[in-house]
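One structure, as structure tokens, below. Some questions next.
So that you can tell them apart, the chains are marked A, B, C, D, E and F in the order they are listed, and the count of residues begins at 1 in each.
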Amino acid sequence: MKVTVNRKAHFNAAHRLYNPNWDDAKNKEVYGKCSNPHYHGHNYELIVSVRGEIDPETGFVMNLDVLRRIIEVEVEDYLDHKNLNIEVEEFKTLNPTAENIVIVIWNKIKAKLDQGLDLKVTLYETPRNFVEYSGD
Amino acid sequence: MKVTVNRKAHFNAAHRLYNPNWDDAKNKEVYGKCSNPHYHGHNYELIVSVRGEIDPETGFVMNLDVLRRIIEVEVEDYLDHKNLNIEVEEFKTLNPTAENIVIVIWNKIKAKLDQGLDLKVTLYETPRNFVEYSGD
Amino acid sequence: MKVTVNRKAHFNAAHRLYNPNWDDAKNKEVYGKCSNPHYHGHNYELIVSVRGEIDPETGFVMNLDVLRRIIEVEVEDYLDHKNLNIEVEEFKTLNPTAENIVIVIWNKIKAKLDQGLDLKVTLYETPRNFVEYSGD
Amino acid sequence: MKVTVNRKAHFNAAHRLYNPNWDDAKNKEVYGKCSNPHYHGHNYELIVSVRGEIDPETGFVMNLDVLRRIIEVEVEDYLDHKNLNIEVEEFKTLNPTAENIVIVIWNKIKAKLDQGLDLKVTLYETPRNFVEYSGD
Amino acid sequence: MKVTVNRKAHFNAAHRLYNPNWDDAKNKEVYGKCSNPHYHGHNYELIVSVRGEIDPETGFVMNLDVLRRIIEVEVEDYLDHKNLNIEVEEFKTLNPTAENIVIVIWNKIKAKLDQGLDLKVTLYETPRNFVEYSGD
Amino acid sequence: MKVTVNRKAHFNAAHRLYNPNWDDAKNKEVYGKCSNPHYHGHNYELIVSVRGEIDPETGFVMNLDVLRRIIEVEVEDYLDHKNLNIEVEEFKTLNPTAENIVIVIWNKIKAKLDQGLDLKVTLYETPRNFVEYSGD
């Protein structure tokens, strides 16, 4: 009897999409305005979903306060109000597309969860565009 | 060719989180403000999702008006404006965490659906915290 | 390592639910106000979800600008501000329930996607009623 | 000490924009796809806002259950699942733009409220376009 | 040149509507399920709106971090996870209708703002019912 | 008989808050993480509200398609995917706080509206923080 518990979070960041193997024209062609060298930014909204058995003692899959704290340290403190390309280790060599960001976040949270818990992360880059990753 | 049909509903209720096998200090430590003996409350928002084949005569997986009526009787009449711990049979012996509430609701709705229909229930305890249960 | 990318879209249309094999009384009994012969309408909101591997060169599952253009041609130009029963080929012989509409949309978008990409379409008929179809 | 109380409601309807004093080309030029002779439709969402003194006995500006019932009779029963141009008296001679619809609704609700209460109606034609009317 | 700055907040609480001058039958007649003696509850969502001149040095009407802190102390710490009727001083003698709650909140925040700043508070009792108070 | 018509729009941008008359420590103290020299960003969501008489011929306060086009040119083309501090003329000498951005947008749209129309602009910097300006 597995239940999924979900918690929302958010961070704001600047980024640009850019592939260093391409010249500027090719970057512009593929990424359009998203390759602006002066950066643009987003309010990233996050849904962190953890699936597992209910602990019969607590009635919880996991204490959401513990999950809230993991998200705070692993995601918010790490990414909020940052320039992803310049200030975040992973994106110095990885293009910060929504797809790549959601995998980086998933890996950081997964490492802090108890084994036996499944994780899915949903990342809204805008209210109209969002991505999901479940680790498979 | 299976389609999922979804319907939203809602109810308001008071509850507290409390494990009678623990003393007050332990309850406070695990549940924080949620163990307040005077209760607090939520606007619970619900998404009921039913998956099945489309009936070629009606073009419906199931008539949403029938589903609406099931939700009204099984969930809204049963839980709306109630104190879950005091007034709802199941929660006299079961801690009304979101996880446990979603399973109680799932069981009540599932018993009223035609066989061959899959059910998932999503329960928002707040706009930021929600749980999902699919019966497996 | 598969990621799902999602894009929202919308169109407005008129429709009525009607089964020509039934008399008016039976249509009224099954579909209620939705069988009004003078039509009623909806703001249909759409989430198009595409799942696949990330292209290591672009960092994209697929370019959302390409997906946006597919949705524009296949869904918005085709259905927006239309009377579904009268003006849309498929619904001249198919009852435009949300279930049937979502399958028509799914088929039209799927035909334009690269092989190896999975597709799910979520269609909101109202903010409270919605359907989902994944092609299986 | 005046407080505003607000209640949401909704109805679905078909309509077209059309000025009978103009030819089809002019209607098309001004209203675009909205003048489609076969109609299109919307989920109209409504916020009804009533401002007045708090009754010290009840603690209410007005009983929202009374307001809910007024909206049900005056708006929902009157407009829901209707073709506005064909089936609603006012719009047989009045173009059903959002601006004109909100005034018709305002007049119908205002006539049922106690004197001394101010009324504002907000009408969403789509989640992106909406109008407001306060009677002045 | 005055601008309004708005900040959202939220708290969860239990309450019941009850007038001690009336018998139970009259309370039930006026307040319906809301007079349940065992309480029910809500996720109260709040918008705090402050209007004033922009400070040319900071570019702010007021520092939202200061406003956030005022809301935290005056509203969230004071009302969150409380039983309003039992645990909150003002509502021991005042019926905790949304109208009365919004005035209590307005008074507490107003006392902490600089003179010359106008205040409006919007309080959602549910996503469908909300009240507004501006102090006049 | 004046009605307000509202239209939503959006743009994404990078910015930082910074007062060149202050040293870095003072900027950090007042603006916190928002003064990060590498920039951060937002999805700015916009509601443009125009109030005026209904034109009896069109049934419109103003044609929303004209308003949509004004917003596209004056706001979206001008600000979308830009670094506000570096690439937008006004913010080379004006701190891009939400308060200052909303006034810049208001001035640009107002200049394009017919006289006799009132304008209000609401700017969401995040889903939780927003500002409003009406020109007075």
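The definition used in the following text is that a residue touches a chain if its C-beta (ideal position, glycine included) is under 8 Å from a C-beta of that chain, and two chains touch if they have at least 3 such contacts.
In this text the structure is predicted, and so the values were computed from the model without any measurement.
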State which chains count as neighbours of subunit B and simultaneously of subunit E. none
With centres defined as the mean of Cα atoms, the chain at greatest distance from subunit F is chain B
Over half shared numbers or under half: where do the identical copies subunit E and subunit F land at their interface, same or different? different
Please compute the C-alpha centroid of subunit A, do the same for subunit E, then give the distance between them in whole Å. 34
What's the distance between the Cα centroids of subunit D and subunit F, rounded to whole Å? 29
In angstrom, rounded to a whole number, how far apart do the mean CA points of subunit B and subunit F lie? 41
Among the residues of subunit B, which ones contact at least 2 other chains? 127
Chain pairs that touch, by label, are A-B, A-C, A-F, B-C, B-E, C-D, D-E, D-F, E-F
Can you list the subunit E residues touching subunit D in their complex? 17, 19, 21, 30, 32, 94-100, 102-103, 127-133, 136
Partner subunit A, residues of subunit C touching it in the complex: 1-8, 49, 54, 57-61, 63-65
Residue numbers on subunit C that touch subunit D, as the complex places them: 10, 12-15, 33-34, 36, 38-43, 45, 80-83, 86-87, 126-127
